[in-house]
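Heads up, the next two complexes both have chain A, just with different partners, chain B and then chain C.
For the complex of A and B:
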């Protein structure tokens, strides 16, 4: 198991490198020269030709892209993420202020979706063709077929505007700090974020459970005289989780990427919001770093899910 | 015969399956006894209801299968009688019987072990369910049994997962699960069908060895006549959900009377037979299980069929002590005509 985890972590290195190569060279293909991507367009226009030449020389932008890629990588390794082209702020500082918020949002979203999705999927498989099953199936059809921001808007109208239970957006009241002052601000975005993954998981877990319940080893478990609850939980549920974990891994990019829209809807100051603002402003350095950060989050969390899967299934540990 | 000789008595068992809107009578009035410490073989072609009979005894039928009639009585070690067919499928009384009194091994060892638990823990689960033993004591007992079943290095194997075992070894593990609580009846549902021929003999030897050392009664389900003659004390030949002939292994093999039994015997190669001689084939195929019959189910494939066979149901006829046959040829006054 330890060897498996180590191998998985080592495999992260090439994955991250490939991602950074693709990202750097894709943005290199954009129109305009490298200098124009380091400052706002009007400022770039204001520069004289001589100033541009001098600036390129000073910033080392005359070097071929491959060299600049390695310089960029080297800077990132030293914690220097560069500066925003539109505001001139240090990107590292910007990230430090916002990343924890996004991690918090995504983490609770994933946790909620997994817990509720697996539970409802399990219940609707065990109580097949009962009211519980019909309820879960109906809910999951809505969750799968409607986009997340729709639920975000509905939740805001319902819980903030009409019922006035929860704030419609933001992070925490001015001057407040600590986890509990953040909770009311987290409820709606987390729910919105979790809803589509939950719906997918309910269906998937149910199908997977029903598939496993027909397996011969379930008959073996019953032939031992075990209780039906032991059979379905200990023997069936754990096996049904193995394919479900694959679904979670595949849905992670959508979860983390989807957080940008949700952060927008709830005016939540995370990196998704930061990335969208940067895209609108044509702020390439920030786009690069936020995309890279999102990629790292997806890779790390999918590695985590892989490790959980290996804990569930001994056959994976060897492979 | 005394009640005490029997461990299981199945009377007029009927098991139905709901397939869509139709009801299929998979087992249609089966009656037999299992003698204490002896082996009963149930033989028949695929789909004749032999497996369903076994699953009915254990109440392990799939959700669309139900016991529609008849009684299954089980006689415990202290002589008490439990009517299994009255118990709820997963109720506490049925669960107390499963594994502890009657246990079962299945056809395909590749899929009958749970892939995510070690084999040791899967055997331990059975033991802990039915007996109060300490962990160390239980483990020692399991390792001893694994050794008896011919598994090398049982201490190491105990902590391994099913995918680290070969098919034959997995079937040994299944036998260990079935035997760890020392049940009085072991039901083996085609335990060797999915295995190599060389492994088949080993597994059968093990079942016989277990039976000898623990005095277990065995119901062995098979379609292999060679296995029957090796291992059986009593034989039940099934066709289309009914037992067509029942008797001791001597009675069935030296004096088979039902045309179906005789046809089955002729279709099996025998050691030393002329290798140029063609094996006999039973003409036709087994009818669909939902076919409605007006007479003997075997009539259309039977070489001895007479016109009356097609519109009269045969009754069980005892032609010798313990030798029953369900054929019109042997009913009152029928014998001289046959």
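For the complex of A and C:
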């Protein structure tokens, strides 16, 4: 198991390096002065031409790209991503402020979707062709057929405008802090975010369960006289989880990326909202770095899921 | 040889067709698709209003006999916008799905058939591309290239190929072990011909199913991007762009038809596509027999 984890972690390094190379050269290719991205815009404006030339020399911006790449990589490791042209803030600081919000949203969304999706999928496989099955299938069909923001709008109208139970957007009341003041603000976005993944998971878990239920070892378990609940829980469900884990890994990017739309609907100050503001302001470096950051997040979390899957299935870590 | 091949083809096609028409949901999906597409194409017959004509005198009307679904804040008839918008939305979905699947199928063929370095390079690119959240990549590209229908189609094509590439590559990997491929090679048939004439047709089933499902996916993506204001230009009515007008909470409440109607259109179309695609999968996929 240890060897497997080590191998997975080592495989991350080349991927991360390739991503950093792509990001570096994509930033290089952008129009505009590279110097302008190393300092706040007002400071850049204040420089004279001669000062700019000197600053470029001092910062080593005239050095060959390879050397600049390694210098830049070093800066990245220290959290220095340069400055945003539109807000004048350090991009690293902007990300550090927003990223936890998005991670929080995506994490709870994933948690809720996995719990509900697995439960409903399990129920509709065990109670095939009953009203429970039809109910779950109908929910999952609608969940994948409507845009996510539609559910967001409906939730706001229902829970926040009509019933006045929950706030329609934002992150927490002004001046408040702590987890419990955030909870009401998280409920609706998390629910919205979980819908499409839940819908996909119900379908997937059901199919995967049905597959497993037809296997010989299930017949063996039944003929041993085990109770049906033991068979479906211990023998079928656990084995049906493996393809489901793959689905979750494949959906991770959509979960993080999909949050851009949900963050906008609920005016939630995460990185999706930040990227949207940046695109509208024509601030491409911010969007690039945000995209890369989410890519890294997805890469790390999918490695984590791989490791968890290997714990569930000895065939993977040995094979 | 040709005759035998032909009879075998028709019987397989016939069997698939019979399997398809026995599937009630699939037929329902097909009917839904035909009805929606026909209604969008026949838009000029069904409504007399121009979907882009701004008429300040009839702003924000509720549904009535003249305006079946009311008008939006600029006085445009919502029913007309839904019908004409459907043309754009469906067209964007279909073309993007075709582009992405053609590119993905070709790359999957090449990767699977040649293997080795070519394969590992293509697979790494595919892996890299599927790490990034689609919405963010699309936003980034739109930021670079600007808003237009053509750009949107290009972006969807170039970010959408990994899925189908994976499917085709997997199929080709197992197909190329078949004796008939060896016999092709022994007969001196070139790699290109083997790939695209002898191998690719055998992966057509999954490609068709995947393309169908992708149409639904792209319609949803377009709607999301347009809702963010980063999809198609404002003067092009698409289902997503119509909802974009309902961003503010007060408009959402005062003009419910502005977002309910296009959402219903999207839902019906995507549902139909999904049912139709499921039916196609059951009919075409040999492993589900």
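By definition in this document, the second predicted complex is superposed on the first by the 270 of 319 C-alpha atoms of A that agree within 3 Å, B and C clash if a C-alpha of one lies under 4 Å from a C-alpha of the other, contacts with A are read in each partner's own complex, and residues count from 1 in each chain.
One rule holds in what follows: a contact is a pair of C-beta atoms (placed from the backbone, for glycine too) under 8 Å apart; a residue touches a chain by one contact, two chains touch by 3 or more.
Remember, predicted model here, so these are calculated numbers, not experimental data.
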Fit or clash between chain C and chain B when superposed on chain A: fit
After superposition on the shared chain, which partner residues are touched by A:221: those of chain B (first), chain C (second), both, or neither? first
When the two structures are overlaid on chain A, which partner does A:19 contact: first (chain B), second (chain C), both, or neither? second
Once chain A of both complexes is superposed, is A:235 in touch with chain B (first), chain C (second), both, or neither? first
Check the residue A:260 against both partner chains and state whether it touches chain B (first), chain C (second), both, or neither. second
First (chain B), second (chain C), both or neither: which does A:76 touch? neither
Once the structures are superposed on A, label A:119 by its partner contacts, choosing first (chain B), second (chain C), both or neither. neither
Check the residue A:300 against both partner chains and state whether it touches chain B (first), chain C (second), both, or neither. neither
Residues of chain A touched: more by chain B or chain C? C
Name the contact category of A:47: first (chain B only), second (chain C only), both, or neither. neither
On the overlay, how many Å separate the closest CA atoms of chain B and chain C? 13
For chain A, which residues count as touching chain B in their complex? 215-217, 219-228, 235, 238-239, 242, 312-315
Given the complex with chain C, which residues does chain A contribute to the contact? 15, 18-19, 22, 141-142, 144-150, 153, 156-157, 161, 168, 250, 253-254, 256-258, 260-261, 264, 272, 275-276, 278-280, 282, 284, 287-288, 290-291, 294-295, 298-299, 302
Given the complex, residues on chain B that touch chain A span 58, 60, 90, 94-100, 103-104, 106, 108, 111-116, 118, 125-126, 129-130, 161, 163, 174, 177
With touch defined as at the start, can you tell me which chain C residues reach chain A in the complex? 124, 127-128, 130-137, 139-140, 142-144, 216, 220, 223-224, 227-230, 240, 243, 246, 249, 252-253, 259, 263, 266-267, 270-271, 274
